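Right after this note come the structures.
First subunit A sits with subunit B, and in the next complex the same chain sits with subunit C.
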Partner chain A sequence: MYFKYIFLFFVLLNLTSCSDKKEVAYNYDGTFNSEKGGTLIDAMSGEPSNLISMIAGDSASSAISGNIFNKLIKYDKNLELAPEIAEKWTISSDQKTITFYLKKNLKWSDGHDLTSEDVFFTWKLVTDDKTRTPYGSDYKLVDRAEVPDLHTFRVVYKKAYAPALDSWATLQILPKHILKDEDINRTFFSRKPVGSSYYKLAQWVNGEKLTLEASPSSVMGEPNISNLTSRFIPDTSSQFLELIADNIDLMNINPIQFARVIPSKPDLKNKLALYKELGNSYTYLGFNSKHLPFNDIKVRQAINYAIDKQEIIDGVLLGLGEPVASPYKPGTRWSNRTLHPYPYDKNQALKLLREAGFNDTNHDGILEKDGKPFTFEILTNQNKQREMTAVLIQRRLKDVGIDVKIRVIEWASFVNQFIKTGDFDAVILGWSLSLDPDQYNIWHSSQQKPGQFNFIGYNNKEVDQLLEEGRTELNPDKREKIYHAFSKILLRDSPVIYLYAGYGLTAMSKRIKGIESPTPPAGIAYNSYEWFIPSTVRRNEIAQ
Partner chain B sequence: MLIGISLISFFIMHLAPGDITASESAFNPKASEESRQKLRALYNLDKPLITQYGLWLKRIVKLDFGNSFASHQRPVLWETKDDKGNVTKGMIQDALPITLMINLIGLIIIFVLSIFLGVVSAVNQNRWPDRLITVIVFIGFAIPGFWLALLLMYWTGVTHSWLPISGLHSAGYEKMGQIAQYLDLFKHLILPVFVSSLGGLASISLYVRNGMLDVLQQEFITTARAKGLTENKVVYGHALRNTLLPLITIVGLSIPGLIGGSVIGESIFAISGMGKLFFDAVLMRDFPVVMGILTIGSVLTLFGNLIADIGYAWADPRIRRGITN
Partner chain C sequence: MKILTQNPLALSGFIIIVAVLFIAIFAPWLSPYDPNYIDIHSILLPPSVSHFMGTDGLGRDVFSRMLYGSRISLLVGIVAVGIATVIGTFLGAIAGFYRGYIDSIIMRFVDTMLSIPTFFLILAVIAFLTPSIWNIMIVIGLTSWMGVTRLVRAEFLSLRNREYILAAEAMGASDFRLISKHLLPNSLTPIIVTSVLGIASAVLTESGLSFLGLGVQAPQSSWGNILTDGKEYIQFAWWLSLFPGLAILITVLGYNLLGEGLRDLLDPKNKNQKK
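So, the complex of A and B:
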């Protein structure tokens, strides 16, 4: 008797949930001419916090604000500096003064003129002590900023500062006429921005989605795709389901999805295009140089020989990564092509360890020095790839007689209890492959106080000198020589072992056209304003 | 009582190492230690703990839950308006309605279904309907919610496109008519509510079953049967009402649970509810948000206990008499 009702319930459920959505077979192949219009939907794991990028600091915010705001200069597709709203810039002969010449007739999306007054105002904001920005230090080195006329902006540094240009390629210019009387930390502008670039904010539903629409007064010209919608879907498995159900066009995927799931399914292969590009970071094993025996260069080199990097790339990234030999992106001018990662060489490792005084005196399979076994702990944060990497390292080091323990710790505890206090033997972490070669904060011996970034305690006079020189040289060719020499010493000293630089993997619906192939160093997204969606393969927007 | 709860939660929260300035995005060589110290001072994080608690208490007695430490600085509880008339919604204000809705619907479904299943089990004790129900509710209890959720999303959303996969609204929601909007929301809620109620069925249906078995053995049931009442009248008219008494306590104790969402469920279904809000706030060490949710939760817990006691006295004359005597 009850089962009748249960049956009825399911019938009702089916009736109410029957959808009118039909599976549409699009034909994505063929040649298409670029046209304007359409909506691109992507998925984001986090919701942007604040669209004023100098205050935000999270990647979701900068992904959105980068479409709304302009910078003076930018990195082009080969990661070289290029004009954005400044049509050119000049550097004085003493390298202390940089002058930017803005393009004429620049407009904010609300119709006001964009002038060098706005640039000056933005510089004032980012250096103001009341502004809650963690990024002010680069701009505080400016001794004097001037606005000779409405199209010129000049900064004078106390002494030549090479990363200055990089800093002007990241600072997004904010409108003075709206913000001059506002408290930048609390202003509603962070949720209702007025920018000057390709897009402007159309709608933002908390916890759900954010939509940008093409800005008619964009100083960069009109983008092909009219609307960009970002849906906030925290779970990447759910994102993937939305992607294969064709509800989103674009997402970052993981190596398993890239190398196994999508290629094995013909229907997915038909509608999704896969792109890989070298990401912007590398993963390393860093030693605490203040702890014995890691102060010995031979020990660090031995461990470098003992670790098989290709094995880690194949095992952890399914081959979707590259070994690196310097902290710079391979293919850019800063990366020294003559350097190669340490090959996997167990005998060389054993030889170096013996030279450093390690021998297996009691024949238990673990090396000893002065009666103490060689055992240490690798710390890492809760990151699956880093955990798997640690396990592979543990096994390889066991082969040469080093006993490794692995400990995985939540991020905030990791930073506060171990990194800041220097209470660790070795860590697996990542650094970005920075676009500007200056890495003073990471490797200079003066940067070892708690909270600073040379927490591994690396100390080399020669490197210190090169880093100081590189910071004051604005000529790219001379800088290139300095940083090639720096990378060479760094590789020899092995204060960290470069493990891999993983590819950024993207799956994109084939309805999106105009993506540059082969992928340039800056990645596929650099010309996203040239992408287009042919009207024949657009989603039926009225039916939705 | 509330001061005790808040004091303990405040100190436990600060026992966890780190603060808002140690979030992953702050681990950037471009961000200097001085600017982090500056931020710490701005948020009073450099003061002794007891001072920080005092400052918090001073605000909370005026019902001021403060603003989030995150860079959006949104108010924790309720919306504020700036002098230009722009309204910034509160974080709890945004997250609470949807969590409340899912949990309320879930709770009603759990209780209705559990009572039904419990009674069927008890009446058919140790026969196949009883066994079947027990097996099913235990499978529901034991099955990992996130796994079931993903399978159901794949089956109903990708292979069949019967139901939407994630989120609360479809892409063209704003352009729909009123009824279409409700239907759209309803479709989006089916899976989250189903998955979140599945786990609760087991305990309450077994509770009803065992309570029912106890009651069915009592003498007044024998009397009722002896009077010649039909079995339906005996079970539903006499036994069930007595079985429901202990459930009042469970309902009361479920009230604070109404505002707590499931982190995993909300992440998978891309619903920005209370669970995700609380979890993210803890990871970011966003203390005002954590304390705000804990305070509301503890108020509701105390309130739920009170409601349970009052409800019990209202429903059961024996307890009422116990109070007056």
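So, the complex of A and C:
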């Protein structure tokens, strides 16, 4: 606790000292040619636990290790699968065999050759029961893996499994020549990694920062920015102060900071560029289909009509979000462009509620059916945006005669007491999505046991069948049709009401150049190796 | 009233409390807007003529919400302390009157309760119950009676052997009559003083719970949850933190001043000094 204050004190000291000395007037505007060198400093809330991402499992670790290690294939800027260290891949006609052809002359940063033996070794590791990894299940579906030669890697599945390709776009390839005699769970390698990608580890000061430097033997070519430093700053308000003081170059910010704080201060506006991109998640109101009256599709549709989603986006996100009509990120191929969210239509809502048997018989402003008033409780966790969303929904539903109570619960008891037991009427929650369109776990009727993800109890035979087809079809065009049909049924059934997909908001120092605009679906960071810092606007880089 | 004017601190406390009571009672007439009226076109407006205390993240008028919030804060304070006083007086009276092993049992129970950090006990209990103002009042009441018990017991122990009590007992007065007619009226002063001071701490506890999201549930407002809303915007919308913070500060100060003042005034030992 004291440390935090001392830290804050120094931050404040820093702030004042900055204003004392003459502000260095950088000229960030104008055209710059890309050049190499410089240091980019960002802030991380958590410190990586381990730089072997299959063991670590936390986002800080994978953010760092993603700059050090390569994968076979990757998602390109449009979130389509593209080659990384595999120059191409083929799928057999029965859709059970995938063959990856590696690029030639790949090297680890210590000079050893990177071959398909390393890929095979990594697959062995991730499927080994002794390896403590939560990610093994996708790779265990591989019936057999082969290395026909040093540039070819082949996997054969027992049956066609479409998310398989996605799994090869997330597995970071590890060096066999270093790890073959190591215990992966407790090896020195987790803090002294040797990779093959743009950067290698230069320095790691516990509790303070981690620095990567460009790797000369990178198989991807040399990145423009020579050093990446991540400082560990747990508190986001302190991060923001550091950003204002120009001690870090970029961070994720919230809508208030994005729409109000930074634009209202000219000095911040001059040195910070703001970026928004759609994140991989959406927020929804989900009904417990096993509770009356939410088993009735008309009731769910009526509520969907009664909620004004644009109002929520404007009020809660200050306009920094988009309405969604399918459980896929808008702009990607899986999102069905022909679908539109239910418009706000109070009369349509009232009509549907009447059809479902609800009438205000005693004229108290609340609808009744069989003498019982229509009242239910919305649960959500302690998340300011979700709480405000709930209040807006409460108001709109009151307009059509539904009495809503709101209950905000701490996350652990929310999951254990309510979600796992199915003891709720409706919840406001969000789903983070993987890039693969398979959502079997969330919507398939078989996934309703306690602890599984279909806790809203959604049950539709047609959807079940589409989900089963979708995960065995490896042809992207055919898959697209399947998931578009699935989204259409889902929107009609309204087992959940999509509320919004919020933007990921980034503030970045204007000294960083080369950021692609408009932001591609993959987000601003996808081409970070092309970013550059012109030497005229670099910080004075004195060794710290 | 006359005694109040002799002590300016107690008087100022009294005035604050009366003012807050007035605001709480007449909130519907005083507030310019419906406290729950959402207007997303005027979110986070700074204080102005049309919104004395600005607007919050959903465009609701903070001034109106503050006025209605005073009701919650006062209600929680008074009801919770009422519960605590009733329980505390009852147990203290029994312990002080019967003494012996009954006293020991009750006082050990008091010691046990005092050894538990109250706020965390309340947090744990609220986590199991549905958060609502009624539950909060009851829980605060049930966890803050120990001070009253100790005071009442001490008072009873000292009064128990006075001649008039012994005389009444000798004339065959029942235990109930002894307690209610003779002991209790003579112990009223410390009870009143601790109750007034207790309201202050109950108001603070309620604000703390609401601040943590365990208090009054949306869309109702209390000073604590206006303050929580403000936390999000503190770099930008100072008015969301300043006004509820000030309101809590002033009210708690008011009860404390009044309580301290009453203690000085009603304490017979102080009477001579005053003159």
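In the analysis below, the second predicted complex is superposed on the first by the 518 of 544 C-alpha atoms of A that agree within 3 Å, B and C clash if a C-alpha of one lies under 4 Å from a C-alpha of the other, contacts with A are read in each partner's own complex, and residues count from 1 in each chain.
In this text, contacts are C-beta pairs under 8 Å (C-beta built on N, C-alpha and C of every residue); 3 or more make two chains touch, one makes a residue touch a chain.
What you are looking at is a predicted structure, and each value in this text was computed from that prediction instead of being measured.
Applying the stated contact rule after C-alpha superposition, one finds that A:Gln452 touches subunit B and leaves subunit C untouched. In the superposed pair of complexes, A:Asn441 makes contact with subunit B only, with no contact to subunit C. Of the two partner chains, neither subunit B nor subunit C is touched by A:Asp181. Greater residue coverage of subunit A by touch, when subunit B is weighed against subunit C, goes to B.
Applying the stated contact rule after C-alpha superposition, one finds that A:Ser413 touches each of subunit B and subunit C. Touch criterion met: A:Gly315 reaches subunit C, while subunit B stays clear of it.
By the touch criterion defined above, A:Ile55 reaches subunit B but does not reach subunit C. When the two structures are aligned on the shared chain, A:Ile233 is found in touch with subunit B, with no touch to subunit C. Of the two partner chains placed by superposition, only subunit B is touched by A:Pro134; subunit C is not.
In the superposition on chain A, subunit A positions 237, 413 are in contact with subunit B in one complex as well as with subunit C in the other. Across the complex, subunit A is touched by residues 16-19, 22-36, 38-39, 42, 70-73, 82, 84, 86, 88-89, 94-95, 116, 120, 150, 153-154, 156-158, 161-163, 165-172, 183, 186-187, 190, 266-272, 276, 283, 285 of subunit B. The touching residues of subunit C, when paired with subunit A in their complex, are 36, 38, 40, 43-44, 57-59, 127, 130-131, 213, 217-219, 229, 232-233, 235-236. Interface of subunit A with subunit B (complex): residues 2, 13-14, 16-19, 21, 23, 41, 47, 49-50, 55-59, 61, 129, 132-138, 185-188, 190-192, 205-209, 229, 231-235, 237-238, 241-242, 244-245, 247, 411-413, 415-417, 431-432, 434, 439, 441-442, 449-453, 541, 543-544.
Remark: subunit A residues 237, 240, 254, 256-257, 260-261, 264, 311, 314-316, 318, 382, 384, 387-388, 390-392, 394-395, 405-408, 410, 413 touch subunit C in the complex.
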